[in-house]
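Working notes, beginning with the structure itself.
Naming follows writing order (A, B, C and D), and every chain is counted from residue 1.
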């Protein structure tokens, strides 16, 4: 079932040095149009507007997740651990390679506005009329369903799901290292080699040998730092707000029958809320950026302004809020209307704690969507949840930090400074 | 004239760690739409199809060239060298920041097909009706002309030109390091800090203190390795061939009045050979990729096939040629026609020595376009051209290596293997 | 007073890339015999027996502390901060360079057994009849006293003391990076450049700009990890125990008039508790190791055994203890005597919390020896102690982790396994 | 014969990240006193006086050579190459681990003065009355002879010898990377992973797949740079000259019956030219440095002066010589004598081309001691010596660069400047 390539293929990768492809199925999957399309979707959405190096694609991340999974399994096989189901190798590799294949352009913003879901799209790509599906069916007619069930976490063997999705999975390990590399920050580094060496399959789960606990602490601290330094950077939040507003305005216009001077079919279907798999596969960030470039000249002044901002990186400025600013926000709302701005678009309060983030969660949520916790395997073969063992993790587990900001178009506010209240002027340092 | 920012701005950069902006003019230039547009143009064109990390933009490279120039000048100022004209600082910084601002999408291919020239476009951006020009004019009405003259190498003080354009300039130093970082190869590394420390302004030129000669040798070796390992990689050449053929076919079709189902104005003007500065500033790689995505469904079978290849990364295969293969190429031409392929599009012979590459050139070419050589300043204050001093550079100067390949669409040839000559079948390992 | 070198001197350093010496006084201090002697004293004592790369000397660390101090001051001067007393530059540089000059071989163990103190020795070197003192007096006759007062933390300007000794001082920043580099672990890395950029002199103290708080969090986490992964590694503790026992036994023998077959004057004075400055300056790790090599053949069986162990790295094994093992330790004591071992030498219970370690301490101890806390300077120019601002630091401040181990010579115990109790055999896994 | 360890042992290594020990024999060899002794012998002799980070030991290098050999063999086994004799694994690993076990303190200087030879000592350690020999004999009574024959290059299967000793052997690959790491220069880096991946056993030899040729070019360039930047650095040469003179003077004194105030038996035997294996195993750099520290106070003024210089790093200064300086050297000789210096000790002309160095040698020398050349294996399974294929290697092969310097004690010459000729004063810049 697992057909070896005559000679292994090697991708040069800045994070893992080399990525090794040894199976024909993996090679064919990489060469499908659906997977190649991930080259045109950035791993970090609009973060490149904050960190100019962050242009790396989901294509490179997906290869990285595959490679980490391959290394974990290779270690399991080398040591001949009885608890690792060897027959699940190809399934694990395919699921790790494909876990993000349903991501579209600027997924987070698109999902918020249009209610799409990249995990569902991933399953559609795996199960639907695609090259990916055809390659998987060559292995076995039921293979696509198996891959999909690993991705939606219902596969019968949890150890396979854990590889791709847990508090210490190949996905997170790759993105922390990769995002740190391409942004240029040095917070995301941890000792991947050491973690890979101390993972053990054990009674249907993946555990960490106790001697590797400190490397896991370091990994969780990297995660914490990357969230606050990179993922929740206020400039990135600002660019995502502008992006969301573009989509929101475009949908409003579409709903009211507005005639766009420029439109492409996949975008039209997206706005209409009825996009097909075929069109979704054509949607990429190049197309979205091209639309924005054209819409910067639309006659709808709001859409045109927002698109122009995005293309020229003329984002919203931000001002930190405290819990006492509730009343002031009402004042701003009034003042904005007085100077001709639209509060629905020109002020936005945002806090990262709305995002599903936690340094490390130990308890499962009622909906069962929680990621399996990290288990420590000690010398007496006892499994213990890591925060029971680690002071530092116990200290930070559950730690959340919300910093509220109000975002607004400074260039459209400052000319009217004279009409604003002293409080607002002080807040905005005008 | 040189207005200091209240507080210096810092860009996080993976290659230089931090990029420092201290002058208001530089800050404003970075925020012009023309400069921001460089975010949508990759530094290495189609190389991302070979090295998946190579998605970095000309925006990041331009900042890097600026930063290296800033560091060189800062060292000159710190040491108070009399031969450095201090009043040229802002001019040098602006020219280094803007030297690539005229690059369009996939420049090398576009220039070959449409005869455009990025240096001329750079001067147009600097001198024409642009934000860049307006920011420069705030410094002095003649400042844009000065910046343009540094970029086209006619500025009266050669030392300023040398910073931006010589055998050891800020441009080359940045791109070798940056391209190595993002591709993930480790050939491009050399000791930048050491080179920056041993540069000396001397009698209107920039020289290298003799003690730093080995660091320069290492830099030239990096250059040699990067050319053969990255820039001339046959897979990259293959993708450039497909790209050129797309442009060529589109122009042919345009010239014959073909009606494109999808067209955007800047692309139309490009095909027509009459593109304006305004349209050129709208042209970016997102737009070109979007057009290719749409053209993949054009009814012209050739254009559609080529665009589909590019989007799916189904490139041409290649076979090495020796000087004795001349006759065989004639055979191929006949065979290709027999099986329904078009030799003008489906076979291309390519050799990197056509490219203006040389490890290190010492003599100036008649047209004076040659880059100033590297000069060593010894303890007795004598200047010597480096290959007189360095055995290793003398050995490799002038070294060129041409490897010829024929590129062709294997998937369209292999089904007709039976109709090919034994020689061709053997060559192509069918 | 501050005499510039004609040309700056550069030391190649793996951690800071280059170390720049610009003042003649610094250059002369580096070349004194007392400072050169630090080349023969390892930064991490016996850690090289655990991490074979950790052979780096206090010489390299001292240069590193100097370089970090130089960079901090250079940033202060570049920005012209009024709160930085510019006249204190040379004093700060000299104190940072010399702060460890009183360290002897394997200081920690020696200090425990012989009650010496490296800070006092440092002041003696600075104030006594040494080349260091002569070079300092060339600056000003009172300069040595000033340097000594910075080192013993009594200098009148606390900001100068803070540079060399605080919770975020040049000393700690260098040793975390350096020890991580040479051991090869990657826990000790943090963003030094960023920290250096956000330090501010403010009202006689050194504060951190709020935007750099995360870099400081990362630095404290590095510190935490380095303590547990490197400094308190049980193999290192084991080698220190053997080392201490050698010194203890040698002193016992000396006190009882034992005739050593090999003895050198500085070691004799050390054993006698009456070592002079001149002899102390001759004592280095080469001499101590040579003595151990000779003593491995002494007729005192205990001293000979311990020295042989140290030279051949045949250290004590260790077994973890819990609070319930108190009684068992009594059993072991009896058993050890029964099989001919000496509990005073052949079993040692050790816990790292005896060491003066804390992730981060906020309150000053009664004796005033506590290191100044880390202060955050926010945008409204308010100073706040960092754990008030940072959730993560508040979580870990005060966190201590003691793991008790019993160390013993397994090779001398195992042959008598039959005579040990079942409990002991189980504990020792015999 | 090859007994697996129950669990593999891992050494943390800064260069290779981890070093894996899987065989009991290797583990036992590492723990012999003879191998542990390598911890007290620096890999780069006196280079730490030039590059303060270069304190790394032959112990760490030996582990590194072992690890590279292990990785090469592991790749051969993973790919199941028929041309690799699998039964030679343990022999190859032991020989690579032990190849330097006969090195003494400051080997190069000691060998020049006393005519010892570290390769012969290595064979003595392997074959003589040592722990190493006992461990090897446990494998097979004839195993020590086999290990020795690999080390002296007479083993019947040249492929095994090649692993440990050739133009591209594990020894060189480790020391270039390791010496670059610890000195902190970045010349020695090359793509080790890639080279390891393209090595192939082929017809009793080790060849390089053609696709890896550029990585080999890069490795040879690293070698070239490391020789000139590190190994032949004039300050290192100066410290070696002082070292040699110490040994030479000590032997002269010994031969004339001088009574040393301080002497240790192994050093006495060395001076007498009759050192036994047992004493040689006790000789280490700690002992030599201790002797020098003591001899700095010997009553022989010459020995005392030289030893003091070495301990205080007060080395000889150097002045470059050209071929026209022959006569001037005669002048110096006379002048030295006139001012009371001894030309035999106080002036030394040194050129690195005396050292057995060549970037890359293709032809075997008559005595057959030449290292096997690098062979390229192309797609048609043809073996070609690499300089036939690579322009750059052909250019630099045989390239040698000799720079002559005269070394002298400046501090003893400058006080007599008035008595020197104008020519000498000019040369020495007095």
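The rule we apply is simple: a contact is a pair of C-beta atoms (placed from the backbone, for glycine too) under 8 Å apart; a residue touches a chain by one contact, two chains touch by 3 or more.
Keep in mind it's a predicted model, so treat the numbers as computed, not measured.
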Field: Chain located farthest away, centre of chain B as origin (C-alpha)
entry: C
Task: For the pairs B-C and A-C, output the one whose chains share more C-beta pairs in contact.
output: A-C
Message: On a C-alpha centroid basis, what's the spacing between chain B and chain C, in Å?
response: 51
Query: Whole-Å distance, chain A centre to chain C centre, using C-alpha means?
result: 43
Message: Two-or-more-chain contact residues of chain D, please, as numbers and ranges.
response: 17, 185
Message: Can you tell me which positions in chain D touch chain A when the two form their complex?
response: 10, 17-18, 193, 197
- line: In their shared complex, chain A is touched by residues of chain C numbered 185-187, 189-191, 214, 217-218, 221, 224-225, 228-229, 391-392, 395-396, 399, 401
Residues on chain D engaged by chain C in the complex (per definition of touch): 11-15, 17, 31, 33, 36-37, 39-40, 48-49, 51-53, 55-57, 59-60, 63, 181-185, 264, 282, 284-287, 289-290, 293-294, 311-314
